[in-house]
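Each structure below is given as structure tokens.
After this come two complexes, each holding chain A, first together with chain B and then together with chain C.
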Partner chain A sequence: MTSPRRARPVLEVVDLMTRFHTEQGVVHAVNGVSFSLTEGESMAIVGESGSGKSVTALSIMGLLVRTAGAECRGRALLDGRDLLALRPRELARVRGKEIAMIFQDPVTSLNPVLTVGRQLGEAVLHHAGASRAEARGRSVELLDLVGIPNARGRLSEYPHQFSGGQRQRIMIAMALALGPRVLIADEPTTALDVTIQAQVVELIGSLRQRLGMAVLWITHDLGLVAGLVDTVLVMYAGRIVERAAVRDLFERPLHPYTKGLLQAVPAWNDTRGGRLRTIDGRPPDLRSAPKHCAFAPRCPHALDRCWAERPPLQEADGGRASACWRWRELEGAALAREPRP
Partner chain B sequence: MTDGTAPTTDFPGGRETREPGSAPLLEVRDLRKHFPVRRGLLRRTVGSLRAVDGVSFTIREGEALGLVGESGCGKSTTGRAILRLEEPTAGQIVFDGVDLRALRADALRRTRRDMQMIFQDPHASLDPRLSVASIVAEPLDVQGWGDRDARRERVRELLELVGLEPYHAERYPHAFSGGQRQRIGIARALATSPRFIVADEPIAALDVSIQAQVVNLLADLKDRLGLTYLFIAHDLSIVRHLSDRVAVMYAGRIVELGGTEAVFADARHPYTVALLSAVPVPDPERESGRRRLILPGDVPDPADPPPGCRFHPRCPLATALCRREDPELRDVGSVEAPHLTACHHTERIGSLMTDRGDGPDITHGDQE
Partner chain C sequence: MASAVGFVVVTALCMAAPLIAPYEFDAIDLGSIRQAPSWDHPMGTDDLGRDLFTRMLYGGRVSLTIGLLSAVLGTAMGALVGAVAGFYGRWTDNVLMRFTDMAYSIPTLPLLIVLSAYTQAAVVAMVVIIGLLSWMATARVVRSEVLSLKEQEFVLAARSLGATNRHLIVRHILPNAVGPIIVGATLAVGNAIVIESSLSFLGLGIQPPIPTWGNMLMDSQATMATKPWLTVFPGVAILLVVLAVNFVGDGLHDALDPKVRKR
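What follows is the complex of A and B.
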């Protein structure tokens, strides 16, 4: 897994649309998301609750249930094979082996009545057809890999006997059991304390390098993203509103929402006092599918055009893209100090 | 109140804004809250979980003290014990000269109008069956304050104060977004014109774009009403933004306490250093050059804390002394700006830092 990698896409998502049919109406959760993740890349989807970031991940993994009212369209190509077109049995073979996911809450993702060894062993056995002894050996290796001390001795313990950080490590071990090429990490550290978060983030980062996996982080935490990824996708109301290399994004955001988010958190060296800049209003109701820019109601820079026509994701310099009609002005910083109306 | 110097007007008119004075409004001395650990069929008490284990601090009138630490460190229990929402096991809580633990129920209830709490989760802390007007007026009802018309007028005032509209009074919590619900919770806390507010993770459950609105509101209210805050949070950049002084808790104790800038720029306890280094900073430039002190292991079991310094099993500076002797808080600051740390080796704190020397950047610890 150490051969040099070219920028070959391992995961390509094309025009993903996910809706939920509910009693209260149709929820337009993801509205045409496209991106590609290259081999070994570290990328993040950043957004607030209701932005569609987690639904995007669950759609790719085929974890949304049609009978529960979920409807996915578009394509998610893993090495050219469309995950959304696979039959459940085929998908089950791909999941874990080629693409895996870890979740926010390790407490609810692990089965409390099975030993950790049994759960890890199942992950190995299920796909690889290994013998029990092999599965056990592999489980020990995996726990070692994620830094659980005394791995062999702890296989017979239950999830509640591990701390929160250790449970997240076990989840990571399970996700890595079959050496996937893509790992989707959905807020894996949100339930953890910062010192434990630092352990887990470092662990995933070092495993990415050792195993040559691509990692797609799903997070609301801009701070976390800053030190972690190459590329950032910012989502709002089910769409990607900005794509940029991480440094470019923080230096000069090309979408007013990104800019608002960056300004809403105090700078680290921000001494006490002063007011934080806020984004007025609240996130959109996804039951309506407006024709206009979804951010226009909260945007200090909105023009008539923004209310008339939704801006598509437009390519800018340096592989960047923005879904704002006024991105050139943002780029030139002409909008930097514009007061709110 | 027994102390005649406090120029409290009766609510609802609000009170005069006071200068941050030098007299402490709140004094907490050696506060302890232990929970019994029960085991077996007969639920016999086999030990105690020392959630808060000897915490002392003061807060001056008009001051905001930030209380930070990770989950299980005892920061929330401290906040609840001060308001006697949890009965403390031991210690003194002196509010405006009155020892709260000596008060009987009715006197305590009267005092509570001066001390209120803002909770973390605006979804869980508002009764979904009550209208906003009933929720906000609840503390007024408890205090038997005013008649119906006066209460309705007070609710209108409070909603305006927190940036909500008068017509919101008739609605129910489900009709509001997270940020608006937190505003309702704040309006309720302010109903009796309290002087002191314990804000327990008031923005942790909110989206980033909404957090800033609530942070600004809390800052405005402090200035306008002269409020005194105990601000409990794990988000260090928000604590830095809102607090005058900061106390850092670990395993039931305060391990560092000082002026906000002193603690953030010149941390004197290794745990604070690690905590600060672990916080991701929204700045790729800084992040790329940043090294972290990654602590091995987890926080200790509060039912069975390690001997000596409770931080020693995770501490890169620990020596035999730390394993043996529990360090006292000692002042390493100045007369005007005390800076307390509970570390035997605070002089060696510099050895944790990199050559860049700009705050929380430090050398890499060993991972377990």
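What follows is the complex of A and C.
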């Protein structure tokens, strides 16, 4: 767990806000997210469904702008260049080459009517201006890299001839084709079998080290990536509520939401057969933008202040940050589980 | 399948007309006019003693050329308009689709008559005119396909890897819509042949002496009762070819649509 001292940020997100204008009103999906990813760093954004973690990733990639009703504000600086301000053509040039993304479902993420070789070679062909033969050679290399046996022979096969895990490997290979410096992995294993999940996660982890790129994991399964990330950002209702090195987070969460999340993970060695702890209540409706702490309605430790004023993300000790008024008390573990008012 | 074979055979025969035709298509033989089918003239001869079989072959060449080329033109236009409208959505979609509706609402035959009066009724002109009047159905079908295809995850994935819009449309979306496009194209072939025949029948298509199935039909109407072969052969040819093309279209639809399972 070396704290990243190479502190040169490769991706810097500043006050990112994403809203969707829908017929039912404005959905505040991301409300001022800031973080920075240093070169070669491995970071995870964790949160439950609807916390805005995927939307954050899509916003950074500029993949939302075109769809109807999406509005992104703020900045996403990749090497100082604001991705959100780029024109479509420039953005297309950056995507794939400098920042790439892999998606949840490998089954639908590959074009069913194009051969795998063609899809793999595409990026090389168009971005790097390679010849067909070069693109083919690179495709073979890439398939080898992600551990698909008999790569050369399988280039002419179609996606449906591969298993789910293999398809995700192909997606990874496609994302890595041009050696991007940042890879965003948006729940890359949700659609896979548990046994395959670990393999795919490890593959990405080992490729990160070999290729020296920064990886931003988007996940709701903290346990899956715990061993592979340096820093964790916890998101709730479109905001970062806690930032910490992964070990610190597990040992002493500084936000009640994180604490709840960790308690909700079933322990494998729990033999007492007790009930699984859950966080009461439901995630807030993002159509309203409350002035209070978004977690207050579900928080066992909420004070009057939490209802009056939203806590900002405050820097805490050890490079951590928490968006809770009572983080110091949490740090001292002085907060017992209080009865709900 | 049989339709496909039949269509290919007929097309091949017509395209090879100069090689297999027993006579010149405009060789007038006044000594043997209006003869019934015989060994010398397998389909008989017309008013000017021209061999009908020869004229059928040459006529088919013109009719099929017009049918195929205008179908290709119409389909290409339709696919382009539909893809652009569906992909970009919003006002692009609105403008293009209202334009399509407008093109649809123009009565075809009167327009064709007017247009062919201004053009020289050459093959090229016929192809362009028929093509320009038959892209709307394809445009609508392709648009609706694209509307659903563009929301597919693989489009997002390709975009995240730096694909431009043009690249997405040409390389990722259209290949997925190729089923309906091909089906539309085959149906358009039949349609174009019928339109060409109707125009020729009205005397507005390709002008004599160049034969087409349509103008052969027209030439024969005066003698329909007494010399039926002059009417029957071109009529049946049009019927069979159009029918075959439509069957091929149906067959392709079933073969290319994964939702229609073979029993």
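Methods note: the second predicted complex is superposed on the first by the 327 of 341 C-alpha atoms of A that agree within 3 Å, B and C clash if a C-alpha of one lies under 4 Å from a C-alpha of the other, contacts with A are read in each partner's own complex, and residues count from 1 in each chain.
Heads up, the rule we're going with is that contacts are C-beta pairs under 8 Å (C-beta built on N, C-alpha and C of every residue); 3 or more make two chains touch, one makes a residue touch a chain.
Quick caveat, the model's predicted, so the values are computed rather than measured.
Enquirer: Kindly classify A:R89 by the partners it touches after superposition: chain B alone (first), chain C alone (second), both, or neither?
Expert: In the superposition, A:R89 contacts chain C only.
Enquirer: Kindly classify A:A29 by the partners it touches after superposition: chain B alone (first), chain C alone (second), both, or neither?
Expert: Neither partner.
Enquirer: Just checking: does A:C324 make contact with chain B only, chain C only, both, or neither of them? Give me first, second, both or neither.
Expert: Once the two structures are laid over each other on A, A:C324 reaches no partner at all.
Enquirer: Who wins on chain A residues touched, chain B or chain C?
Expert: So, of the two partners, B touches more residues of chain A.
Enquirer: State whether A:D221 touches chain B only (first), chain C only (second), both chains, or neither.
Expert: first
Enquirer: Touching A:L110, do we find chain B (first), chain C (second), both, or neither?
Expert: It touches chain C, and chain B stays clear.
Enquirer: In the superposed arrangement, which partner chain does A:E48 touch: chain B (first), chain C (second), both, or neither?
Expert: After superposition on chain A, A:E48 lies in contact with chain B alone.
Enquirer: How about chain C: which of its residues touch chain A in the complex?
Expert: Against chain A, the touching part of chain C is residues 89-90, 152-154, 156-165, 167, 171-172, 175-176, 178.
Enquirer: Inside the complex, what are the residues of chain A that reach chain C?
Expert: 61, 63, 68, 88-89, 92-97, 100-103, 105, 108-114, 119, 122-123, 126-127, 171, 174-175, 177-178
Enquirer: Which stretch or stretches of chain A touch chain B in the complex?
Expert: Residue list for chain A touching chain B: 48-49, 147, 149, 163, 165-166, 193-199, 201-202, 220-228, 246-247, 250, 260-262, 264-280, 282-283.
Enquirer: Of all residues in chain B, which touch chain A in the complex?
Expert: Residue list for chain B touching chain A: 70-71, 177, 179-180, 207-213, 215-216, 219, 234, 236-238, 240-244, 260-261, 274-275, 277-288, 290, 292, 294-295, 298-299, 359, 367-368.
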